[in-house]
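Remarks on the structure that follows.
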Amino acid sequence: MLNLAQIVQSHALSFFYLSSPDLLLGFDSDPALRNLVGVARQTPDLARDGVALRRFGQRIIERLGGKRIHPAWVVPGGVSRPLDASERDSILAEIPDARERAHRTLEWFKKNVASWTEEAAHFGDFPSLYMGLVHEGGNAAYSDGLLRVVDSSGWVMADGVDPRAYDEYLGETVEPWSYLKSTYFKPLGYPAGIYRVGPLARLNVAERLGTSAADAELAEYRDRLGRYPSSSFHYHYARLIEIVHCIDVIDEILSRPDILDPHVRARAQINRNEGVGVSEAPRGVLIHHYKVDDDGLVEWVNLVIATGHNNLAMNRSVLQTARHYIKGDQVKEGMLNRVEAVIRCYDPCLSCSTHAVGQMPLEVDIRDAEGSLLRQVSR
Amino acid sequence: MSKPRLATIWLDGCSGCHMSLLDMDERLFDITERVDIVYGALVDVKEFPEDVDVTLVEGAISSEDDLRKIYEVRRNTRVLVSLGDCAVTSNVPGMRNQIGPAAILERAYLENVTINPQLPGPMVPRLLAMSRPVHAVVKVDVFVPGCPPSADLIHSVLDDLISGRVPVTAGVTCFG
Amino acid sequence: MSVLTLTIEGRDVAGQTGHTILQVARENGIAIPTLCHLQGLSDVGACRLCVVEVEGQRKLFPACVTTIDEGMKVTVNSERLAAHRRRIVELLFTERNHICSVCVADRNCELQDLAVEVGLTHFDLPLLSPQAVVDATHERFGIDHNRCVLCTRCVRVCDEIEGAHTWDVMGRGTEARLITDMGIPWGDSNTCTSCGKCVQVCPTGALFEKGRSVAEARRRRPYLPYLVAHEGRTR
Amino acid sequence: MTEAGTPTPARRRRQESLIPAGPVRASAHVCMAAGCLSMQADTVFDSLCERVTARGLTDVAVKRVGCLGLCAAGPLVAVPEMGRMYDHVAAGDDAALDGVVDGLAGGEGGRQTATDPFFSHQVKVVLEHCGQIDPERVEDYVAVGGYESLTKAVTTMTPAEVLGEVSRSGIRGRGGAGYPTGLKWTTVAKTDSPQGKYVVCNGDEGDPGAFMDRSVLESSPQQVLEGMAIAGYAVGANHGYVYVRAEYPLAVKRLTTAIRQAEHAGLLGPRIADTSFGFDVEIRIGAGAFVCGEETALIASIEGGRGTPRPRPPYPAASGLWGKPTLINNVETLASIPAIIGRGAEWYSAIGSGKSLGTKVFALAGSVVNTGLIEVPLGLTLREIVFDIGGGLPGGGKFKAVQTGGPSGGCMPESLLDMSVDYESLAQAGSIMGSGGMIVMDDGTCMVDVAKFFMDFCREESCGKCVPCRVGTTQMYHLLDRITRGLASRDELGELESLAGMVRDTSLCGLGQGSPNPVVSTLRYFRDEYMAHIDDHVCPAGVCKMEPREAALAAGEVAP
Amino acid sequence: MTVAAAAPPASPPRDDKRWRQVDVRIRRLGARPDALIEVLHTVQEVFGYLDDDALSYVSEALGVPPSRVLGVATFYSHFVRKPQGEHTCVVCMGTACYINGAGAILSRIHDTLGIDAGGTTPDGQISLLRARCLGACSMAPAVVIDDEVHGRLSPDGVQQMLEAL
């Protein structure tokens, strides 16, 4: 439930705080106004929905983990204390409002989706693999389940993969120009093994989400875009559907009879020296692999962060968007903004995945056919 | 009288402090009405502007890029606020100071790589020998410790600054 | 036991001969910051946080070990003392690696509380960032030398209350650190009775209970009745 | 009393002095202290014995003695009957050796100690017998009046009278703090303790650049033992400890011999001078910890523990070794007692001036011609000591500062050369008397580097118990290190000064409280040198290596 | 928790007769706990250094907790816990020696022998130690090689002496 709340708040942040200015005010609008404040002024309701949805997710995290950022509730062996009735009821009370806002935003998005057809066609629309966690029945999984990889036509490249075997399917490589490592799908090798994770990938990989309202939206999503949409632009649409889904799952979980059961903590000694944990973070598959010594001290760690999985896809998308929108040597600000907007589709968290570079330095080299440099533009 | 110019920047940090800034929920709009946000994660400005009134700095100084930016921020800011434990004490980024940057880079980019292991080259900013808190490099006017500082605290600090008061965080909040 | 009268912070108070300034102050609700002091253990006057001014004396006196005299005029809060205490807490934070955000004792640590009490918001001095190890060889407990402030409460409780004297300090100056027996891993000690008193008295996250994470704050000393019963007994 | 050494020229069993049976017209005193010994003084001794015997001078003695003071000119041979001193009598230098023997036979040569400034300014009380007697023969000490004071005290004076004599003499602790000795003795005497009391002689002498105690222990160990016994009688203690540094093996050897001989001669042990008063002495060897010079740390060390000081009160005088009243005095203080009891308090208090009475032994070292040991009445000026007695700086070097008090002391610049050397003036000048180390520095010395040297010393010698000293010295050292590398800013200098104040005020013992003194005093008199390092990135004395600015800027080590 | 290691034997295998000297010293001092430092001096004189076996043995013999014994053994700089080289070279770093160039001597020795203070040359020949003050200030800078004090040395002089060893 903590993870689902995190997905709701993170998706709200990505859609409302970071991407809505492009979508609402237009990719070519005045950059000085093209931000959350601009959105708040133009469509206060949408902005309020965003803040409310994010607060809904954060408040759940705060109640369970004591604080909104870096909560301390999950412990090795379970959680540190059970849920009490008052917390459950106060969350349940907020669900209707959140559900209504989620649907309203989804409807708004669907109404306007037509105005972004050009962007949709050139924001990283290329065939690639998709990876995500799935339950046996094909339902989308967010905190357990097994890994499934499908290609852009839906052919299942790998299924029921136990997370412990992640390193048989995923390889990592380094590019000299970035602290963010690139992961690739080993069976296809590098760079052919390009794959995407996150909302777009999850909806492609899963048969269905598992909650009625969300599955209805999913069906409409697939009617509009096809069974396996391949443009990264649709991350936005997928995110909104996932918000609806997560809210409903939280509702289900809280309605379970045993939700208040006090047995929430298992205690164990060090009976294994290695462990792998995989979950679906808001931005995609998150892999934690630890090795400990016999006393329980962590000796070795490997974390593959969601944004890392998407690195190759993001680079390919920037290339595609830049090629399309930059013609001749004239470059309008809106064009450069679109090059960045395609990256925002992935909702990358460069800090988490690199811990070194906080800001995206954007430099565009404009070369002529022979490759000689015409102009260099940096933003 | 023109509204105070507010900037936020995040160096070697996990963005938790910026998330905490957003966690003031609706009060954020009260703040954005009373200031002009001239630089930061929420606005699309690439160069750090001049004569900024208040800059919230999250994150430690760990790379040459951080160093360049913090000098630039200091040059153009009246009140520099060290926001969060990373900026105030170098916190988690500073944990590598015990073993130095080389060991970290080798572990990530040589040992833990399947094909063409290499240390990221000249285009990316070099890591400094030591990751330092902001005030070890430039003068800091207000310290807001916490990992992250609570949304209420950030709101009260901003409220004080906007109203011309000097915020007092001593004895109010602590590290961690 | 004759009673002596003195003034602390301008208030007339009385205390028994042989009692310390700290005892009398606390009996009268006057707060004095302490760290290495723990009621029930002998006092060593090592952290110097409780130094107070005594009228007519240039020197400062640690309240935890200085016994009261008739007509003594004690100042507990002054600008000078506040600055000294802030500096002492700062020195402790910079000596080793006290990263509260990732510490098992976050929000449950006396050093962290002291930082708030003395109004410390940052460190002007550089962090020394020494290399220090974690010994988790004991089945139930572990020691993280990064968090140790060398207050020696553990040494004293193990010696004076448990009587095992498993803990002691080795080395000198800032190289000093805690050892079990002949500097062997804690799990191999054959003097340690695994009673856990040291873990309960440790003010920071240095001594911790394995398996009990930051979310499960551990119970603190007030629950150790036998400590209070041995008030000030030294051996 | 054993018979004096036999004159037979047979090979002596253990280099005993060559003493003729008949009357002695002249005697050659060969200095056997560590300094001269390291320049093969024992070979010099053998050569002189052979030459005197070969020349058939049957009325000439050749004696092994303790420190003659002028170590710079070692190996030394003195002829007290003629008031002469031969210097640089190198082991293989036949001309010098023959020169001495000619002198003994009635010729000229050597320095006239009466007129030589190094000797003429001195007033020897503690060092009176140094260089006169053979430290390893109690008979020599007795022959010059040794143990008469002890006998006088135990047979003719009551403990109270002894206390009164010492108090009236005005002598103050020679260990460094200058606490009135009489007052300390009285406190111990007043505290009754059925399980007994102790007298402890503090021979830890950890101050770098100080070797007074070593010379006294190596040259006249009996004098110290007699002082301890008198103190024991006065305060009611029957047992004493001498705590000597492990770095002084020769002193330990001679002290052990002295104790055995004294006990053998009934001067120490159960019944001293046939009275009911008994006093025995045990040696405890230090193991290398400067902090053990501090009283409570010394006690902890004698008790077999880590030398960590304890808060005071309770003072050792009331509750010290194993909780019993303990009198702790420095070697030099105890070595002065026999003279005070022998010649009376009035004689002693006539020496010196103001509240600093009696004499003080100083160890002159560093950039000075006559490095060595001197004993002068308190109140002499620094100029007299450094230039008249010390002979000024070698090779005409330019005087810059003189450091007294070791790691807890301070540096006095040229402007204070005419200041009188006594407890009060030194304290006012920001230093302390300390144990007596006096190190002269020429203009080739960088005062910031000296401050860093002493801080490095305190950082390593800190026992680590109390926070201000353990961490304070380390942080002050880092600040000083940055200054000497030209990386520090003015703010950091402010940090250093504020930290110094705090460490002085809150540290538990003298080591911590005194550790900022070298920094504070060099800042007081040589602030311009600090500013040269900080503002101009230059070391005026050319000692410190400045780090390149650009590299430091690029690494974020310095602000622009 | 690993099975508790068998308690170390009451006294380590003492076929070496030098232990007898230690036993005599312990007996003469009445095996009292506060004779710890004196006994450690004897052990170091006899064996050249204090190894863990010796410390455990002394701990048992005097009834002093092992942690306290190690605490004392590591507090004092005179006690060494690693075997020393054939020859010892002690450089005095007292004030008088320091300002007369002891630093230059120490770095020259470091360059000659390739070890730092507290280390021993790989061939076990020479141990380099740093002393706080040897009381030979009149002959600053002073170096003690195998208990022989050498005064007023130059870096070259020291190098020659070391190479002669």
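Per-chain residue numbering starts at 1, and chain names A, B, C, D and E are given in the order in which the chains are listed.
Methods note: a residue touches a chain if its C-beta (ideal position, glycine included) is under 8 Å from a C-beta of that chain, and two chains touch if they have at least 3 such contacts.
For clarity, every value in this text was computed on a predicted model and none was experimentally measured.
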item: Shortest chain-hopping distance from chain D out to chain E; value: 1
item: Neighbouring chains common to chain B and chain C, by label; value: A, D
item: Closest chain to global C-alpha mean, per-chain Cα centroids; value: C
item: Chain pair with more C-beta contacts, C-E versus A-C; value: C-E
item: Between chain D and chain C, distance of the C-alpha-averaged centres to the nearest whole Å; value: 39
item: Chain A-chain B separation of Cα centroids, rounded to whole Å; value: 24
item: Chain A-chain D separation of Cα centroids, rounded to whole Å; value: 76
item: Length of the line joining the C-alpha centres of chain B and chain D, rounded to whole Å; value: 57
item: Sequence positions of chain E contacting 2 or more other chains; value: 68, 71, 75, 77
item: In chain B, residues with contacts to at least two other chains; value: 130, 132, 136, 147
item: Shared-contact residues (touching 2 or more other chains) in chain C; value: 101, 106, 124, 126, 139, 169, 171-172, 187
item: Interchain contacts, given as pairs of chains that touch; value: A-B, A-C, B-C, B-D, C-D, C-E, D-E
item: Parts of chain A lying in touch with chain B, wherever the complex brings them together; value: 13, 17, 21, 31-32, 34-37, 40, 47-48, 51, 54-55, 58, 67-70, 171-179, 181, 186, 190, 302, 337, 349, 351-352, 355-359, 362, 378-379
item: Residues of chain B touching chain D in the complex; value: 61, 64, 67, 71, 128-130, 132, 136-138
item: Residues of chain D touching chain B in the complex; value: 554-556, 559-560
item: Residue ranges of chain E touching chain C (in the complex, touch as defined); value: 1-2, 4-5, 7, 52, 55-56, 59, 65-71, 74-75, 77
item: Chain E contact footprint on chain C (complex, rising order); value: 138-139, 159, 164-172, 179-183, 187-188, 190-191
